[in-house]
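The following pair of complexes shares a single chain, chain A, combined with chain B in the former and chain C in the latter.
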Partner chain A sequence: MAKKVMLVCSAGMSTSLLVKKMQTAAIERGLEIDVFSASQAEAKEYFDEISILLLGPQVRYLEGELKKVLDSMGIPMLIIDSRDYGTINGEKVLDEVLAELKKGEPPGFHEEKEDKP
Partner chain B sequence: MSKVIEFLEKYFVPVAGKIGAQRHLVAIRDGFVAIMPLIIAGSLAVLINNIPIDAYQNFMARIFGEGWTTFGGYIWNGSFAVMSLLIVFSVSYNLAKYYKSDPMAAGVVAFACLMTIMESAEEAWAIPYTWTGALGLFVSLIVALVATEIFVRLLGNKRLIIKMPEGVPPAVAKSFAALLPALITIVIFGLFKVITVALGMINIHQLIYDVIQAPLTEMANTLSSAVVIVFLTHLLWFFGLHGANIVEPLVQTMYLPALEANMAALSAGVSLPYIVTKPFLDAFVYMGGAGTSIALIVAIYIASKRKQYRSLANLSVAPGVFNINEPIIFGLPIVLNPAFIIPFIIAPIILTIFSFLVTAAGIVPRTVAMIPWTTPPIIGGFLATGGSVMGALLQIVNLLIAILIYLPFVALAGRIEEKRQAEIEIDT
Partner chain C sequence: MKKLKEIYREVVSLQRQKGRGVSAQEISNALNINRANASRYLNRLSDKGWIKKIQGRPVLFCSEDLQEFPKKDEDIFSFIVGSDFSLKVPVQQAKAAVLYPPSGLHTLILGETGTGKSMFAELMYKFAVTSDVLEKSAPFIRFNCSDYADNPQLLVAQIFGVKKGAFTGADKSRQGLLKKADGGVLFIDEIHRLPPQGQEMLFLYFDKGYFRPLGDTEGEEKVEVRIFAATTENPYSSLLKTFMRRIPMVITLPPLGERGLEERYNLIELFIKEESQRIGKDIFIDKNAFISFLLYDCPNNIGQLKNDIQLACAKAFLKYKSQNKDFILITGKDIPQHVKAGLMMISEYRETLEQLLQQVGEVLKFQETYPSVLPATPPEEKYFYDIIEQKLVELKKENKSEEEINQILQMDIEMNFQEYLGTVERYGKEEIGKIVSHSVVDMVEKILRIARQRLGREYDNKVFCGLSLHLQRSIERIRNGERIFHPRLNQIRVDNSQEFLVALEVAKLIDEEFAVEIPLDEIGYLTMFLASKPFETKKEQQNKVGILVILHGDSTASSMVRVANALVGVDHAAALDMPLHMKPQAMYSTAREKVQELEQGKGVLMLVDMGSLLVFGDMMAEDINCEVKTIDLVSTPMVIEATRKAVLGENLEEIYKACKNIANLAGKDKETGVQLVEQISKKNIIVTACFTGQGASLELKKILEENLISDYELEIIALEILDREDFLAELQKLQKKHRIIAVVGTVDIPTADLPKVSALDVMEGKGIAALKKQLENEEMYNNMVKSLREHLTEIDSERAVANSRNFIQLMEEKLNLVISGDVKVGITLHICFLLDRLRKGKMIAPFAGIEEFRQNYLTEMEEIAAGLKDIEAEYQVKIGEDERAHLCRLFLQE
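Take a look at the complex of A and B:
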């Protein structure tokens, strides 16, 4: 199943710029990842579907409010680095997402498979 | 300067962050977001009816008959005229959602509570349009928050769940869960109404309007209030926080009634009472986003040869036209950059003062229409002023002023950067 990555800012407008860049980067790498943006008002509607939530730096004050709910659902959250956000660096943010998602996977899952000849 | 920034970051930013995430304010803000499409539709209706061009007015009258403006009037009835009924539901819904309670039930109960305390129209037994529009906004917000708080608490109370005998399907049992909480909540409001009437306060809406809303609207419509709001918004942005978003609940609550009064005055053909409204700020100050940043982009094209600045300007110009400016704010960056704090805060303040003065002098008409905040400059000013070329012209003049303010600082920032690079080269 494709992993869903949600980017959240106040109206979902400026994050949509980054969404496009990240989605392109994901497709180029052949990854099955679905990236989309939502306004802070809509965000809660998607909690059931997403694998990770990325918060725009300008609304980072929402972290506490969102974290309470997300933690209970086991969904990780990242605040997007402001410089990456400003320069719309889709590749780098995607790297961070992948690293964070990897943390959540069961430990040794992939390694074990590779160990067996 | 760096001391001041450090101090603010330590004491001001956390407080602002808390306010920005405060659940009641978030609910109010999201509540306004939900009704904004209707507010914009109502604005368009008024625009269609009132474009100040004789040829247009005659043309419409010839095609649709003398009563052609009733169409816009009907849309007004469904949007601006019932704004307070819409907002009581949408705010309550969002607050209940925050509590992970039953948002739909809470919204419906809050609406019922509002109607419980609303005094019917004097002449007939009827819902008074006087208080369903922007004039009732404060009462609606208070009722939405209070009713939801009560209802959500009661709904969470296990003792208030009516126990069904064995064999009753769980879905049926669940439908009774909201029964007692809803009943108790509306009874509380009913009693409140009885008591206030007994005390001689027949019309709670009138009372709250006179004591709280009218003074606030008046206060908000002074030049100094506008400057304070613009200053706060930009100070927050300087620290990388979404300033407009944080002050939004305040701005909407104070300025929507002012806008409605202007629209009503326009339809009635009398002079418009208020200068400062949300579209006033959106159109004449936040061009390209906070900091009038479209002017900064132009200033970079004029005065900077630095590759980094230029490529960022290229990246920012398309979203900037639609007043989205996060790329330039975080990419340049403006955030925590001492080189840009002065123009980023001063330019919008000067534009606020200048726009206020030319509007007060009657050179530019007052704003009458809520425009989507993503409307590009020049078009935005034209629409917000009800189709006045002067509105577009003021935006052009304001852009030129802002460009002039930014120019020396772009040059300065370039020189600071060059010096630093030179130092790095010497060091290595």
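Take a look at the complex of A and C:
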């Protein structure tokens, strides 16, 4: 199943371009990852579906508020590096996401695409 | 006199080596002067009472201070304050280092300025002697690397000696101090100044026990010398790692602040007693003055404490002598202001103080009868009190009034306490010493001290730093025969006559010290440094551009001007109403009169609506001697902007442009393209500034280039700021073409809206780090602009990013916030997308709980609404309440 990556900013606006770039990068790399953005208010509705949550640097104050819930659900959270955010560096943020997701996996686990017949 | 001191020092050190008096022949050998001269000097010293003559054959001379050389089994360390408390560990370490078999350990002593490193090294030597580890005649040689900081080669040669021809100027072989110290101790102070080459040579000696003089490739000089070194710096960053690894013992002396009040009490007691001994009279100190000494902030540690106490004692002594008092009493009047400030800390230490001062009455008494075992006080200080007394007698003979005498002697006293007086803080001097030679730094200290006295004005580190850089450069220029020219010399002389007199006085000092002749123009520059506000000597009457609004209609102009003046909060703009029936000729003569009335030498801006009024300006330009510019189709915002800028003292051209800009904004839609292309290619620049544009600013430019130019796309431009207006105009010109990252200057830069970095910060490295950060930040925003360019369809990304950043900065001011760089990036992006969407007419996410939020953040929301006005106007959009609430939350949550 595709992993869902949610980016959160205050109104879901400033992250939209980054979402696009990350999604493109993911597709180019052949990864099954679904990237989308949400406003601060909407974010909670998606907690059931997502594999990781990214915060824009301007809303990093949400970290404390969200951490408890996310921890209890085992969802990792990252604050996007402001340089990557500012330069809208989709590739780089995607790398960070992949690295973070890998942490949660047991060692030696490779999510290789199964060859579907 | 200088020679005498040198002789005296030699007597002391030889006597210490030999443990007995010194003969004229020995002095003659040691200093390489003929015996007759040596004998003459020694006799003169003995006449003055500095040394004692012991009849015999040969006649020996000895310094009294050293007769009390400690006896064999006395633990010399037990005499120092804190040897059982704060210095317990250092003392144990020191003893271990001295006694460690077979020949002790090389030791590095760390500690801030004034913590007593040299004294400690000397005690270690004495301890070695009294413990029979070293011969009584073993030499103790001290060497301060900063004396040769501007000539590393000579420095290394001093320590290791040099073989003839090792470098230019080495015309004969010379023995180094390491050799001279054979069998004893070489104390190397400020060792962080020793260049890597020297450090390597030193650790070769550590490893092998021999060294090679400079230029000698074969010889192996074997010596047995214990090296004690000291530094105020962090050794791991200022010394070679390979060197540090070979230092077996590192002793750290605590700063005064960590030594507790009780020890400080004892130190004060010790120092006052020493003074008492020197004067030969009891010294009394009033309790509050004593508490000041206990509590004041003393960044240069014990050295400064001692100095400040000596200064106070000298002043009290003067009062005692000149006013025929019955006893020497130190009161609040005798202590420097920065010491007095200590009293303000009283509430923080009330309990400890009560305990400490339990037994103490309103006045404390100190007397000392035993000579101290601590290192001898140099004679010139010892006889300082005699000098005061002598001068006093002389001045009285000249029939000077008591007040005059007091003034003269106070000056003398303060001059004698050069090192720590005043506001020159510890790092300033240290840091600047790396770039400017020590003699210049000392001279600048002297200059500022004199100026402080004469002009009753304080000078901060910035002035200190700026003047040092300037002077260094000026002296070089004078020596090279380069001409120094001051275009505003006469103006400066008139505006700052007091400062000019002082500058003349210090110029003489500079002449003598550096054997140059300071030209009058240079004295003009010195005057500017001494003036409190060099650019704004006439701030009160600073001239402003006149603003005149002339409009058709019975009261249109006057009501518009009323609004503008009220909003700006001044009464600067003037109005002329032109009723429709009025003839242009009549209006012209009224207007001309008005313009002449408003003209203050900086021109007049006329704001008009239409018709004949448009040409008034041109007519006047020919008619009267006054620069007039005309803006047509005037609007209220224009009048407000013009008035505001005029009051701020901006020039006519600037104000004219600002009004034109408003006019453009009002009419324009999407024609920003042309302007933008040239903005995008903006280059980052840093401006360095000093009075001449050729002195300190060039030095700064060099430093910045060394540190920054390889990593960033950047140009550094040196400017002069002789004239405030010219400087600002020049900056503006640059700003049009480039992005000014910061202005780095030796003096306060008179501009409000550019980041400023002081020369001092640059030298300390803080400034470089700050500039780097700023440059990185700029690079990041540049990339942001590029990334956004293709995605923002409705607006220009460069302009939008710039607008957003301005807005954030404005909000930081208005809401009194400090927003971190990361968050700013996020908010900038947010605003850019917001503007793009609004231009597209797209919906924005509503803000949940807007009602409550509005209630809670009423004022903030209003500030934001006000701050967004300009952006709304430029982009022709309306930023609604929900959007503002989003922004508000972003700002506040930080």
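We adopt the following convention: the second predicted complex is superposed on the first by the 109 of 117 C-alpha atoms of A that agree within 3 Å, B and C clash if a C-alpha of one lies under 4 Å from a C-alpha of the other, contacts with A are read in each partner's own complex, and residues count from 1 in each chain.
Note that a contact is a pair of C-beta atoms (placed from the backbone, for glycine too) under 8 Å apart; a residue touches a chain by one contact, two chains touch by 3 or more.
Here the structure is a predicted model, which means the values were calculated and not measured.
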Discussion item. On the A-aligned overlay, A:Q23 touches which partner chain: chain B = first, chain C = second, or both, or neither?
Written reply: neither
Discussion item. Just checking: does A:S37 make contact with chain B only, chain C only, both, or neither of them? Give me first, second, both or neither.
Written reply: neither
Worksheet item: Thinking of the overlay built on chain A, is A:S51 touched by chain B (first), by chain C (second), by both, or by neither?
Response: neither
Fill in: Contacts of A:G12 with chain B and chain C, given as first, second, both or neither
second
Discussion item. On the A-aligned overlay, A:I88 touches which partner chain: chain B = first, chain C = second, or both, or neither?
Written reply: both
Discussion item. Contact-wise, after the overlay, does A:G64 reach chain B, chain C, both or neither (first, second, both, neither)?
Written reply: first
Fill in: On chain A, positions contacted by chain B and by chain C
9-11, 13-14, 17, 39, 41, 56-61, 82-83, 85-88
Worksheet entry | Touching residues on chain C, where the partner in the complex is chain A | 780-781, 783-784, 786-788, 791, 821-830, 832-834, 837, 844-845, 847-848, 883, 886, 889-890, 893-894
Worksheet item: Which residues of chain B touch chain A in the complex?
Response: 16-18, 20-21, 23, 26, 29-30, 33-34, 94, 97-98, 100, 237, 240-242, 244-246, 312, 315, 319, 322, 324-333, 335, 374
Item to complete: Going by the contact rule at the top, pick out the chain A residues touching chain B in the complex.
Response: 9-11, 13-14, 17, 39-41, 44, 56-62, 64-65, 69, 82-83, 85-88
Item to complete: In the complex, go through chain A and note every residue touching chain C.
Response: 9-14, 16-17, 39, 41, 56-61, 82-83, 85-89
